[in-house]
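Look for chain A in each of the two complexes below; its partner is chain B in the first and chain C in the second.
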Partner chain A sequence: MIPDWLAQDSSSVPLPAPSNWGRSGFVEKTIDNAAHFLKDTMVNETVARRNGLLQAIDPRVKLITVLAIIVSVSIMRSPIIIWGIYGFTLLLAVASSISLMFFIKRVWLFIPLFSAFIVIPALFNVVTPGDPVWTAFHLAHSYDFGPYHIPDTITVTRQGVLTAVTFIGRVSASVSLAVLLTLTTLWNDLLQALRVLKVPRIFILILGMTYRYIILLVHTVYDIHVARKSRTLHYGPTGSEQRWVASRMGYLLKKTYMISQDVHNAMLSRGFSGDVRTLTPSRIQGYDYAWCIFVLFICVFSIVLDRTLVPW
Partner chain B sequence: MKKPIFDLSAVSYRYHTAIPAIEGISISIQPGESLAILGANGSGKSTLLHLLDGLIFPNSGTITAFGKILTEDKLETEDFRHFFRSRVGFVFQNPDIQLFCSKVYDEIAFGPLQLGLPEREVVKRVDDVLDMLGISSLKDRTPNQLSGGEKKRVAIASVLSLNPMVLLMDEPTSSLDMRTRHWLIVLISELTKAGKTIITTTHDISLVKQISSRVIVLGEDHRVLADGTPHEIISDHELLHRANIIHEHETDTFGYTRKPEDLPNEKKIIGFPHSSANKNE
Partner chain C sequence: MHIPDGYLSPQTYVPFYAFIIPYLGIAARKVSKSIRSRHVPLLALGAAFSFVIMMFNVPIPGGTTGHAVGGVIVAIILGPWAASIAVSIALIVQALLFGDGGITAIGANCFNMGVVISFVGYYVYKLISGDSEITSTRRWIAGAVSGYIALNAAAVIAGIEFGIQPMIASGADGHPLYAPYPLSIAVPAMAIEHLILFGFVEALVTALIIRYFQKTDQSLLTIYGGAK
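What follows is the complex of A and B.
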């Protein structure tokens, strides 16, 4: 019944020279990225389930209070106070059983990306005129482009450094608060908490389902690529590999569409008619009120101090 | 005789109006019946359940549910939708399709909430079902954190919280480990004793005797091949063979058909590792 070649001992197939084994390329990268995403999801959930200061606070209260601190930071002008708030976020991370190194790495991974490009020009007298602290280079003469003036000596100014430090501090504190919020709250609880901001229920349900099925589809992507890897002796030319990727993307899109139809049927089957009803969230506890008062105090105190250090 | 819950008359369904899935099926299902729909892959079992749940509608023929003809327009009306959805629950084959909420607790509460039950009643039902199925420890988990067996339990819980009169189960034991499979068989027996109508699709004949009092066999031509008691169906080897539910080599696994040594020699090519016929080769 089975053909002759299937009955042969495959150990007779020679091992190719290492130079012919080919590049791992996108298959490995996709597997790594998918595994990294799934690992990140698990790490986040593990942190959110730990016993800690922020984990114990109701997600709605946490969302509102974190937003309040972010707004406060955005109207502060003293770098000392802003960096003080950043220091406060580090304390909150420790109190919430988050490793300081892990937290700092996660925050600072994004900050340079978003703020460095914006802040570098602000250091120089071209953008922020003021007292020079370091001369970068000299031009032959100064230039004027309409309202813009470029002096013949390009320097880093004290005011520029202050602007940059304030800006980076503001971004660091805000990103740290956002990271604290997402790390100490289960994603689904965070979505439910959006109800306090009057986000419609159906929108929250769709966001929750999107998150749920993105994870499922990432698992599928991982499985597809691992299956491909397990049957690949060496990778082909870039063109054929790109065609394979395109075909898998098409397959995934089709699968997503089929899943959406099936999920819709499953929802209809359990009485869904387009108007979502959900359980009323649990009541806010005394602990949450205490946290609200504490955050209010921090915000008011730091804004007053900020105004004292840098008057209007 | 009681009024049937479902009455199908010459029902046919074709996917994209071309690919046949169900052809001219006429059956009646009585309240309290435990019915197994047996058939090979692609015979139309799942399609039949989708038709019974009013998720798709026949191209021809009629389905009467609870004395009313089941149509798309009828299910659009609030009153009938509420009436029908609170009485018929569907456990899908793939629990990942069914578990679309963020948390297990919300998943089980979803159905009763959509049917407008008071919140206190919903919470009581969810807690009771979690307790009954022994999954209280999973209530705060997300579906992604559940094993296959746990997902199946939660999917069943999400339907039981509706307290349906009719439970449609699509291949309920597929890809379950032996312990979860046994747990499910016991649960189905208890639900049957409690008076629920259980309609299960399967291609696993070992399951049929355990969970049903009536069996309908769908053939590969998408028509009803037979309708009888589990004993009648299982003992008809020719029928099971024709429906592609058993293979002529697949004999002594369940003890229902011929033994390997009874097979003609040309059919012993692969055989069974444990069979005497195979050992002698």
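What follows is the complex of A and C.
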């Protein structure tokens, strides 16, 4: 026999989700964060297994060359060259079987878009004095508040535009290169590649374990919040919900500590003595040498061109 | 507070790398002395926890949510040396494997969020909690104050790192090439948002987690002291 409460129309039960002003609640946001993270991790693995230009390069060579381009971008001064490098990353994405729209979306959300937003005030003479290119508005007179000076005419300056274009270009080119590296390399290969930078083996072991336990803990966070959502008809007062979130963080920390003890025992039982051994890496191929020479050329050529356009 | 690539000039990020590489070596030796061979899984899991704690949304009055960095609670549980390594590893994994936080800025990020938050947080906590009982109210008040002060200290240092960029790296006509705002704007901008919002979230989370441990498992609050 079906109990009365189960026979009731479920539409009469208040649903938990949107809280104030139609925004989703903290439980839904955390579920979204965890789900997006897990999805992105799977997408990364899928892209890294495709056939493409960067996927074919030895991870050690790829790590060193991508770092070389990132460092080169960090010392450039000409926005033309920096945006040229950004264009180069788009070509690399296409050559690495990455959809251009997917790549642009992955790169620009969130850091470059945030950077573009925060740099807006730097366009104006209030922050970056210089040659006016566009007058925004006039004030009755200028104002001085301690170290801050607000002129009577607020203008966009040539120097401000140059600052913004250089800054956003550098951020987007650097983020694009980092995203290319992570998208086209399996995480395990990338960690092993760190050996080429003389990173100690024990540190690489910890990084690898960290990655694996991040996935485990994110799954746990997801499960905790889905379980909470499934038994929530309505959120309680903010204070009690804060205590609930903190208790789940505390629980996760306690669980983390217990897992670390279990993992340590498991490692000892398998003969772990603190000495870490890794598989012998594969040999670097001719293709990798060609890529090295190409990147070296790109870096040297772009830096020379940069210094020609914007001398020290 | 994760500084992306492009915000710091080489004049800034190179010295931070030069500091953080030997620092991690020294910290690893200190940790391996105090917690012996357990340090490998403990640091890995501590780093994973530091990464994941940022994923929690904490409800705050007004219907919105905030995030905690979580470095202070990790420092209180594992001690400042282990916490600074754990948070640094989390930041390195974020930068290298997930493209979050700049690769060139790894040294600065590890310093701000790993070293500063861990040490300031831990020692402010020790100063206030003193030799009080594990269940004492002083403990969670110490947690709240240390969370607030440590996060704000890290934010102000990040603000200083941004603010010196126009002074040390500008174009031929004086226009900034990296983070564009001077100290007079960058420091207050970083400080204000942490003083009025994120600092309180960190304080709240640290205090509530300590209270949770006081009620459920007090042994976790003695791990660092007991291991020494």
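What we mean here is this: the second predicted complex is superposed on the first by the 236 of 312 C-alpha atoms of A that agree within 3 Å, B and C clash if a C-alpha of one lies under 4 Å from a C-alpha of the other, contacts with A are read in each partner's own complex, and residues count from 1 in each chain.
In the analysis below, contacts are C-beta pairs under 8 Å (C-beta built on N, C-alpha and C of every residue); 3 or more make two chains touch, one makes a residue touch a chain.
This one's a predicted model, so the numbers in the text were calculated from it and none came from an experiment.
S.K.: Given the touch rule stated above, what does A:R228 touch, chain B (first), chain C (second), both, or neither?
M.R.: neither
S.K.: Tell me the contact category for A:A246 with respect to chain B and chain C: first, second, both or neither.
M.R.: second
S.K.: Which partner chains sit in contact with A:E45 here, chain B, chain C, both or neither? Use first/second/both/neither.
M.R.: The first partner, chain B, only.
S.K.: Considering only the touch criterion stated at the top, classify A:R270 as touching first (chain B), second (chain C), both, or neither.
M.R.: It touches chain B, and chain C stays clear.
S.K.: Looking at A:R307, would you say it contacts chain B, chain C, both, or neither? Reply first, second, both or neither.
M.R.: It touches nothing on chain B or chain C.
S.K.: Classify the contacts of A:M209 with the two partner chains as first (chain B alone), second (chain C alone), both, or neither.
M.R.: Both partners, chain B and chain C.
S.K.: Classify the contacts of A:R201 with the two partner chains as first (chain B alone), second (chain C alone), both, or neither.
M.R.: neither
S.K.: Looking at A:I259, would you say it contacts chain B, chain C, both, or neither? Reply first, second, both or neither.
M.R.: In the superposition, A:I259 touches chain B and chain C alike.
S.K.: Which chain makes contact with more of the residues of chain A, chain B or else chain C?
M.R.: C
S.K.: Quick check on the superposed pair: does A:Y148 touch chain B, chain C, both, or neither? Answer first, second, both or neither.
M.R.: second
S.K.: For chain A, what residues appear in both contact lists, the one with chain B and the one with chain C?
M.R.: After superposing on chain A, chain A residues 187, 205, 209, 211, 213, 216, 259, 263, 267-268, 272 contact both chain B and chain C.
S.K.: Can you list the residues on chain A that touch chain C in the complex?
M.R.: 19-21, 23, 25-27, 29-30, 33-34, 37, 40, 67, 70-71, 73-75, 77, 111, 115, 119, 121-122, 127-128, 130, 146-148, 159-160, 162-164, 166-167, 170-175, 178-179, 181-182, 187, 190, 194, 202-203, 205-207, 209-211, 213-214, 216-218, 221, 235, 238, 241-243, 245-254, 256-257, 259-261, 263-264, 267-268, 272, 274, 310-311
S.K.: Within their complex, state which residues of chain A touch chain B.
M.R.: Residue positions touching the partner: 1, 41, 45, 186-188, 191-192, 205, 208-209, 211-213, 215-216, 259, 262-263, 265-273, 276-280.
S.K.: In the complex formed with chain A, which residues of chain B make contact?
M.R.: Per the stated touch rule, the residues are 50, 53, 55, 78, 81-82, 85-86, 88-90, 92, 94, 96-103, 106, 109-111, 113-116, 119, 122-123, 142-145, 158-159, 162, 269-270.
S.K.: Would you mind writing out the residues of chain C in touch with chain A in their complex?
M.R.: 4-7, 9-10, 13, 24, 28, 37-38, 40-49, 51-53, 55-65, 68, 70, 73-74, 77, 89-90, 92-93, 95-99, 102-104, 171-182, 184-185, 204-205, 208-209, 211-213, 216-217, 220, 223
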